[in-house]
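Common to both upcoming complexes is subunit A, partnered first by subunit B, then by subunit C.
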Partner chain A sequence: MKFVAVIRQVPDGESRLKIEGGKVDLGGVTMILDQMDEWAVEEVIRLQEKHGGESVVVALGPERFEEAIRTALAMGIDRAIHLVAEGYLDPITQAEALAKVIRAEAPTLVFTGGQQADWDSQALGPALAEALAWPVVSWTTQIELEGETHAKAKHDLDEGAEVVRVALPAVFTSQQGLNEPRYPTLPGIMKAKRKELKKVPVSASSKVEILEQTIQEKSRLNKMIDGKDPVAAAHELVRLLHEEAKVI
Partner chain B sequence: MIADKKLSSKGGGWLLERPEQIFTPEDFDDTTRMIQETVRQFVEKEYRPVAEALEHGELEHNIPLLRKAGELGLLGVEVGEEYGGLDLPKTVSTVIAEALAGTGGFSVTYGVQTSIGLLPLVYWGTKEQKDKYLAKLVSGELIAAYCLTEPQSGSDAMGAKTRAELSADGKYYILNGTKMWISNAGFAHLFTVFAKTPEGLTAFLIERDTPGLRLGGEEKKMGIKASSTRQVFLEDVKVPVENVLGELGKGHKIAFNVLNVGRYKLGAGAIGGAKGALALSAKYAQERVAFGKPIAQFGLIQQKLAEMATRIFAGESAVYRTMGMIDQALSSLDKANAAEAVLAGIEEYAVEASIIKVLGSEVLDYVVDEGVQIHGGYGYSAEYEIERAYRDSRINRIFEGTNEINRLLIPGMLLRRAMKGELPLFDAAMKLQKELLEPSFEEPEDKEMAQLEGLKKLALAVLGLAALKYGKQIEEEQEVLAVAADILIDVFAAESALLRARRLGGGVYAEMAALYLYQALDRAQAAALSILPRLAEGDDMRLMASAARRLTKHDPTDLVALRRRIAQKVLEAGGYPQPKA
Partner chain C sequence: MGEYMILVVLEHDGQRLRKGALEAISRARQLSALGAIAGVVIGENTQAVAQEAAQYLSTVYAAEVGPYTPEKWAEAAYAAAQKSGARVVVASGGRQSRTWTARLAYKMKAGLLEDTLETSTDGQHIIGVRYSFLNRVTEKQKAALPVVFTAKPNTTPLAEPAGSSGVVEALEVGRPPTVEVLERLSEQKKGVSLTEATVVVTGGRGLGSPEAFAGVEELASTLGAAVGATRAVVDAGWRPYSEQVGQTGKTVQPNLYIALAVSGAVQHQAGMNKSKYIVAVNKDAEAPIFKIADYGIVGDVHQVLPALIDAAKKLKD
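Moving on to the complex of A and B:
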């Protein structure tokens, strides 16, 4: 069996983003393996630990992605394929490029993040399945193989969940609760240096071009409640949270 | 071994020759960065959930934490692969120490295990001793403690009263005595105990359940409360002769060498702690509103933030510069007689290790103190993290050799090397004497580098004068030695900051380096003038005093504007503006 995780490198959610000339400036930002992709990597490693075979990580992105790829290798993935492409590519174009490589690998299944943190998009998994003409299970929280031909999976819906049986090969996207990902051990990090990382240059032109980016900013209301009478202050706080903020 | 090296890369050689480049955190390789990230995750996922419980005395949480660290490979960084370790560069061990700093007492538990706990075994253990204990210490199955200090002997380790006598049948040593302030004692399985034998100080490996070894209660400490600290009582403890560690009477070699290692890691840990405290303070200053605006907008708060960041930058630059020197020296070693060579390599940079120890612990104490101040009344409350940082910081100036002892060691070791002909300090001092009599008034092209040279010359002049006047009696002139040490620490820190800032292409780093240098010049001048009248008299003294002023000369700068600009970067970064690689 062969299990593939498709990953991306994205800005750390805690980094402060800046806009320079209408574009997000990633200069001072820490880049990490997308958290939802990390769940995908963890699941692929667990599947391999349980069923044997091989685990492969595939990524499409600029040179800097190598760091995230190394993280996946250090977590325990066997080898990596890096499709090197600088600049922005829309999910459909990415899926087409990824599909070529993945089809050639002929894996049992593919796992990727339910959502891509950098574009706030959920398109990559379904678009990849479309390009491969394979079924897709999105927002997966549980997966179990039934031999090499089928998998049983539980996945989230808007209001609830659903258990499905799906024919393999298939694409799965991750959801919170799927697993608690491990982090690289030092021996894992050392071993990762010797693992195969194949680089494949990709020349594709994006169907979508980003013209301008802005950051949504909302200033605080700085509302102060007089605390001389604690009981009255608590009442006022509850009223504000209920009537104005509408959070309780 | 180091003889053919450039002067600037020898221990203490920077005083006479400026290196073209120094190692900086921006030079970390991917492996080091990934290990740094793994430690960060360890802190978040393993330590954070039990942090409160640990602080409140549930010290048993240290045990699974150490085991987990063992699983991750964090306990074997300096141990060979045959015992489950990774044998990585020393830089990695400092990066880990820095990343663990936020864990307070647990960082002590970890530090004891990986430094003074298992390194004596790594460097001096016999094959049988290593086979028996080392792999289990690396996995965290066994926990180690190190027993040197006694109720009546701390810095004067050689004054230990614990005795070891050979049994009549020659199979055992019988140990009697009391050890004090023993970290990890509460849950350690293996104690490295120093005791006097007829040959001198000797180290012994003693297992926890050996009859006669008894523990005192937990000490009630000011800080690092998550760590276990107890007395260890030894009453007729029978230790098999095969558990003697190293040679009989050579225990002092173990004790002092292991301290060198502990010192640079302590410096790195202190810088890590200072970064954490600055982040807390910057965040608080941006959230706390007074007189209608965040206090971060006030000049006196910004002044503090700028000073904190500047000292961290200088300290961090000095720490990793030293690690670069050590790893460079160790990388060329013949692995065949590794232990001896590694120790010699580390010993070569004992001056720098002491500098980093003093610098790091005092940067940290400054930063946590101002951190509490920025927090105002809240900083005095245990509800706020800065309160613990403040308490945890204080021990760093005391253990691993007090800062006073280390201050004496810095010039002391330099002078000893000069006398042994390893470092041409006296030639340089003679040349300098001539130069001071015929000063040049040319304007240097590179003012900052010239100012650094001035500081180095001043340090040399003070050392040279003192050595000339007191000869071997100089050890009695502690106040003079400390002044020399202070100038040397400042020179090393300022030069490290400046060389690094230039590689970073200026910006806020150049401003921090400039601020540090400016203040170093002021401090050096005042310190030198305070002791010159003791070293010289009459015209000689006046000549030296004017030389001291000339060597530390600098134009007044608008420090207010400088600090405000630095503070701006601290606020933007939400803490220490860590340079990007």
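Moving on to the complex of A and C:
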């Protein structure tokens, strides 16, 4: 069996974002393997540990993505394919390029993140499934293989959840609760340096153009009330919410 | 090819149109300079729901494909787009629609604008505004037709019925390979709906125990509010996942959001940072939640919460 994780590199949520010339400027920002993709990587490794076969990561993005790819290799993935493309490409265009490579790999299944922490997009997994003409299970919290041909999975809906059986190959996207990702170990990091990482240049044009990005943080009142006397503080807060903010 | 430019996929509960469908119709009408609007109702009991939809639209297709799967929904929406000739497809937001609309956009070779707050057109493109980077950035996107977009819930006034009633047409849809649904697990619903509440009271790990949530519930019911939870609290099993606010939970935008013993991690903020007023109670003056708070109390939640309940009850009496 062969298990593929599709990953991306995104800014660490804790780092400060800045805008330069109407666009988010990632210069100086700490970049990490997207944490929802990390769940995908972990699940692929667990499936391989349980069922044998091979694990592969595929990433589409700029050169800098290599760091996130090495993190996945250090966690235990066998080898990597990096489709190198600078600049923004929308998920539909990405899916088309990724599908070419993944079809050639003919995996048992593909896992990717439920939502991207940079573009807040949920589209890559389902668009990839469409490009491959496979079914998709999004926001997966549990997966179990039934031989090589089917999987049983639990996943979240808008409200509630559902258990499905799906014929393989299929695409799954991750959700919280799927697993606890392992940390790369030192020997893992050393080994990752020698693992195969194939680079494939991609040229495509995006169907979606980003015109402008801004950070419109709502200005907040930041009124602090001393809590030493909890009763007085609570009364003052309720008074402000009623008389000043007029929300209760 | 049909005579329509815009197709609205109408979300419903098997009986009636949902609010999201009426928002989506409003979004389509805002683009009516492009051309006429058709609708499609997908799923079960579609004829009856399409009759209701025909009060708003001149043509409504009914695609009777059975219970939801993303493959069937994408196939049905694609068939309706083909039949009507539409080059813009509008759907309401949510996880399910963001799954099948991605499939649909790929089928149509369309640009996809996800979770838009507002949309407009210059005749050749759709321009959409949306949030990105965990809800921190507001971005303007542009895509040439054909375009598929979803409207973020609670962003658009609900459509009013049109003067005259439209026609309903059954739509034949192919059967794509899809998942087999074995079991649906509904969430237990009690109290006010989290995503529709005007006030939300959220408890975090700092409450220390599931029992401490009795106070959160009491404050919420006094204020007519919904109860929210952080992931830490859900992971600990203190509260159900349906109450989780944040990146992997629900997104809320109430008039008032009260965060009790919540640190305010960026993944939590992603679900609540657009609230009109934010209140934080935390014993740590350095907690990140205070940076986005309008009113903050630095103090022990076990003392402040009972006092808050008292004060809120006095106000309501």
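The criterion applied here is as follows: the second predicted complex is superposed on the first by the 226 of 248 C-alpha atoms of A that agree within 3 Å, B and C clash if a C-alpha of one lies under 4 Å from a C-alpha of the other, contacts with A are read in each partner's own complex, and residues count from 1 in each chain.
In the analysis below, contacts are C-beta pairs under 8 Å (C-beta built on N, C-alpha and C of every residue); 3 or more make two chains touch, one makes a residue touch a chain.
Computed from a prediction, not measured in an experiment: that's the story for all the values here.
Asks: After the alignment on subunit A, I want to confirm one thing: do subunit B and subunit C clash, or do they fit together?
Replies: fit
Asks: Could you tell me the angle at the CA centre of subunit A between the CA centres of subunit B and subunit C, given to the nearest 10 degrees?
Replies: Apex at subunit A; the opening toward subunit B and subunit C is 130 degrees.
Asks: Of the two partner chains, subunit B (first) and subunit C (second), which one does A:202 touch, if any: first, second, both, or neither?
Replies: neither
Asks: For A:28, select first, second, both or neither according to whether it touches subunit B, subunit C, the two together, or no partner.
Replies: The answer is first: A:28 touches subunit B but not subunit C.
Asks: For A:189, decide between first (touching subunit B), second (touching subunit C), both and neither.
Replies: So A:189 only meets subunit B here.
Asks: Just to be sure I read the superposition right, which of the two partners does A:176 touch: subunit B = first, subunit C = second, or both, or neither?
Replies: After superposing on A, A:176 lies in contact with subunit C but is clear of subunit B.
Asks: Touch check for A:70: first (subunit B), second (subunit C), both, or neither?
Replies: first
Asks: Would you sort A:102 into first (subunit B), second (subunit C), both or neither based on which partner it touches?
Replies: In the superposition, A:102 touches no partner, neither subunit B nor subunit C.
Asks: Spot which of subunit B and subunit C makes contact with more residues of subunit A, would you?
Replies: Comparing touch counts on subunit A for subunit B and subunit C gives C.
Asks: Is A:222 touching the first partner subunit B, the second partner subunit C, both, or neither of them?
Replies: So A:222 meets both subunit B and subunit C here.
Asks: Would you check which partner chain A:234 touches, where first means subunit B only, second means subunit C only, and both and neither mean what they say?
Replies: second
Asks: Compute the least Cα distance separating subunit B from subunit C in the superposition and give it as a whole number of Å.
Replies: So the smallest C-alpha to C-alpha spacing between these two chains is 6 Å.
Asks: Could you list which residues of subunit A make contact with subunit B in one structure and with subunit C in the other?
Replies: Overlap of subunit B and subunit C footprints on subunit A: residues 222.
Asks: Of all residues in subunit C, which touch subunit A in the complex?
Replies: Subunit C residues touching subunit A: 68-71, 74, 94-96, 98-103, 105-107, 109-115, 127, 130-144, 177-187, 198-199, 223, 231, 241-242, 247-248, 255-256, 265-267, 273-274, 276-279, 281, 285, 290-300, 303-304, 306-308, 310-312, 314-315.
Asks: Where on subunit B is subunit A touching in the complex?
Replies: 30-31, 33-35, 37-38, 41-42, 45, 71-74, 76-77, 86, 88, 289, 572-574, 580
Asks: Touching subunit B in the complex: which residues of subunit A?
Replies: Spelled out, the residues of subunit A in touch with subunit B are 16, 27-28, 67, 70-71, 74, 183-190, 192-193, 222.
Asks: Could you list, by residue number, the parts of subunit A that touch subunit C in their complex?
Replies: It comes out as residues 11, 13-14, 17, 24, 36, 90-92, 95-96, 114-115, 117-127, 129-131, 133-139, 152, 156-167, 170, 175-177, 207-218, 220-228, 230-231, 233-235, 237-238, 240-242, 245, 247-248.
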